[in-house]
Amino acid sequence: MSLIAEGVTKSIKGKIILQNIDLNMQRGAVYGFCGRNGSGKTMLFRALSGLMRIDSGRILWKEKELHKDFSVLPSLGIVLEHAGLYPNMTGLKNLSYLGGLKKIVGEEEICEALCRVGLDPYDKRVYGKYSMGMKQRLAVAQAIMEHPEVIMLDEPTNGLDEAGVQEIRTIIGQERERGALILLASHSKEDMDMLADHVYRMSDGCLIGEEEKQ
Amino acid sequence: MLRKLILYQTQCLLKQREAAVTFLLLIWFIIGNYLGNVIAFRGMDITQMYYPMKLMTLSYNRVNYNADVTTLFIMLYPILVTLPAGFSYVKEQQTRTEVYLVARLGKKNYMRSRLWSAFFATALVFTVPFLLEIILYLVSFPMEAQNDFSHLGMYEPEYALKVHRYLGSALYLESPLFYVAVMVLFFGAVSGILGMLPVAVSQAVPVRFRMFLFLPDYLLLNATSYLQVMRKGSVTCNWYDYLLLFQDEPKNIWYLVTGIGIVVVLTAVLSFAGGKKETW
Amino acid sequence: MVDRWQTKRMMILFGVISGGLVSLAFVRPYEKEIALAELVLQLSGARGAFAMGCTLPDLVRFMLRMVPNMLVVMMLGSQLYRHFCTASVYVFSRYPNRLQWYLKSLASLFANVCFFELIFVTSTVLAAMPRYRILFSKSGVLLLGFHALIYTAWIFGWVLMTNLFAIRLGSSRSFMAMMTAQAVCTATLAFVRIFERNGMSAEFIKLFIEINPVAHTVLSWHQGAPFGEALAHSRYDLSPLATIMLLIILDIVIVLAGAAVAGRYDLLSENRETEED
């Protein structure tokens, strides 16, 4: 089972955001994407997930085409920069609401996901009162709680302390063991070295280099 | 899947503060009106008493007597109708929760379910209190009382003319109680349609301050009133003349159909435009 | 600088459109000519030469007349508030004296309201000119000025309150609260009919009306110098001077309360607009 991108290209208001991206990614591996700010990592995740339409090329998941056979990847967990949750609900309530949409998981699994990221499921504080690190942990929890086949993590360790970073790395490792396909965008060389099986370098919307870790 | 999603999202909307506040406000209107009626008509002889359904909050017939609660309701309705669900999309957009929802549902399903859940949530909030009011009046006042606030006799031609001007007069002539129930459901349905419009607007147009979402319904409904004041015709085009019960101004059903049609078309077009939009 | 001129352009456009619409809808003399004084009275609820009543149609009509004012409240209701929404820390860290910022913003807000009212009143009269022969008189001009003054003070007060409440509650709740307050004040005027029907004393009715702020915007309920004949058909003999004083005092109170809110609001708490739920 693989996620394949063929000639993916996207422009926004005349500016090329992604140019001829070709990828072939398999389950049970971590694919790292690194590059400067504005190199197109986040846009690539948006395109591969189906959140953003592409101008040309195609994206295939299990031999089915995105935007033709389905509009978003059917089993996806995603953490994107600047995405948020409901500020006046607790972490558990937020995740319960999201979990109720597809009804794949119940409260038990949601609590488990919260514990895995180091949050207290029964914390009465609302999301609006969370620190940046807590918000980031909650974002990771919502991405993993439904045990998705594809997990896309855009700077998941942003704002986390050392312990938090270790926890997220552990989770990524566990999810890889579970067989998920993980896409990881990070500025941290350490993250790439420790976690990624393949590392792609991006610049100006293009893949400029690939490195496969042994 | 869409049906389950709409049901789920409607349930979530009804649990939110805005829906609860609107519901309680409507209940407050109803209780205020009820208490006023109890005080005013306490001890009145049944032969002089007015038909209980004509005492209700949505009854325009009250205009002939004392309609302070109805007045307040008419003034607030253009704003209130937005409240239960009008901000549901913009909230998710501003907090960027939209990303997680679209990632799970796909944009089309998400947008459609938002729109339909806004319809059902608003419709329920604006129907249930008035259905409860019907039961309250059935229990509290004598249904045998038949008088009208215009003080016209039932057999007077002028009264018959007024009755024939009610929207759904055929229903009224068949069974006044059934007429009231159906008209309350109709009121709820129209409120639901109006509740969809701000959601559709927020899907198509970026909204920075949520209070601007009061504008679509506020402008549309008040536009009908302005049109009525500016026109010289005898047939009314005022929104409340079509939505309130026992309203005996001359009406044109096509005005109502056109008005609802405009809202539906606008909602569909805006939502469609919003679906085509890409947000980065 | 760009934003200020954009607001002014918006006020001009809206003033012209709403003035024209209000003129078409509410300026309806029974004959082909109309005294300026009568035109002004019709802008606040009078029908022809008759003062506004307290029946449901009158009150709903009056609320309809207030729609342009509520739209101005909506448009200007975020002028101060927007600075507390985003980049508040960056904005106010450049204003060591936040009161200074508040007063400066207040002046701009007041100027916008004055601007709108001036354009609105002018448009109303100009829109009536092609349809009716307007008979200008000294008392008519004075009444027009009085109308502009009252409504400027009225709208300014509501606009400022909307901004201040929004800082605490968010824009939608704030506007809802203002709208409800105004609607309640207007709707309670319906009790006047009950009082009249039950034979309550004129003094009591006048007092009941005087404590209602909305009543002070109905010009046909006023009587006295310097308007003389212009207010000959006054219904409840409210004093024009008392009305001006009341509205100015209310505005001063709101301004002072605003100084406390704007000056002391904790910038490190949530962004009300995205945190509103």
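Labels A, B and C are assigned to the chains in the order they are written; within every chain, residues are numbered from 1.
Criterion: a residue touches a chain if its C-beta (ideal position, glycine included) is under 8 Å from a C-beta of that chain, and two chains touch if they have at least 3 such contacts.
What you are looking at is a predicted structure, and each value in this text was computed from that prediction instead of being measured.
Asks: Find me the chain with the mean Cα position closest to the mean of all the protein Cα atoms on display.
Replies: When every chain is reduced to its C-alpha mean, the one closest to the whole-protein mean is B.
Asks: Using mean Cα positions as chain centres, tell me which chain lies farthest from chain B.
Replies: A
Asks: Distance between chain B and chain C based on Cα centroids, please, to the nearest Å.
Replies: 28
Asks: Between chain A and chain B, what distance separates the C-alpha centroids? Give it in angstrom.
Replies: For chain A versus chain B, the centre distance works out to 43 Å.
Asks: Once you find the CA centre of chain A and the CA centre of chain C, what distance in Å lies between them?
Replies: 52
Asks: Going through chain C residue by residue, note those that touch at least 2 other chains and give them in order.
Replies: 274, 277
Asks: Of all the residues in chain A, which ones touch at least 2 other chains?
Replies: 84, 86-87
Asks: Identify all positions of chain B at which a residue touches two or more other chains, and write them in rising order.
Replies: Residues 91, 95 of chain B each touch two or more of the other chains.
Asks: Give every residue of chain C touching chain B within the complex, in rising order.
Replies: 21, 24-26, 55-57, 59-61, 63-64, 67, 70-71, 74, 77-78, 81-82, 85, 166, 170-172, 174-176, 179-180, 183-184, 186-188, 190-191, 193-194, 273-274, 276-277
Asks: Where on chain A does chain B make contact in their complex?
Replies: Per the stated touch rule, the residues are 12, 43, 46, 49-53, 70-72, 76, 78, 80, 82-87, 97-98, 100-103, 142.
Asks: Which residues of chain B touch chain A in the complex?
Replies: 4-5, 8, 12, 91, 95-97, 99-109, 278, 280
Asks: If we count contacts the way the header does, which residues on chain B are in touch with chain C in the complex?
Replies: Result: residues 16-17, 63, 66-72, 74-76, 79, 83, 87, 91, 94-95, 208-215, 218, 222, 225-226, 229-230, 240 of chain B touch chain C.
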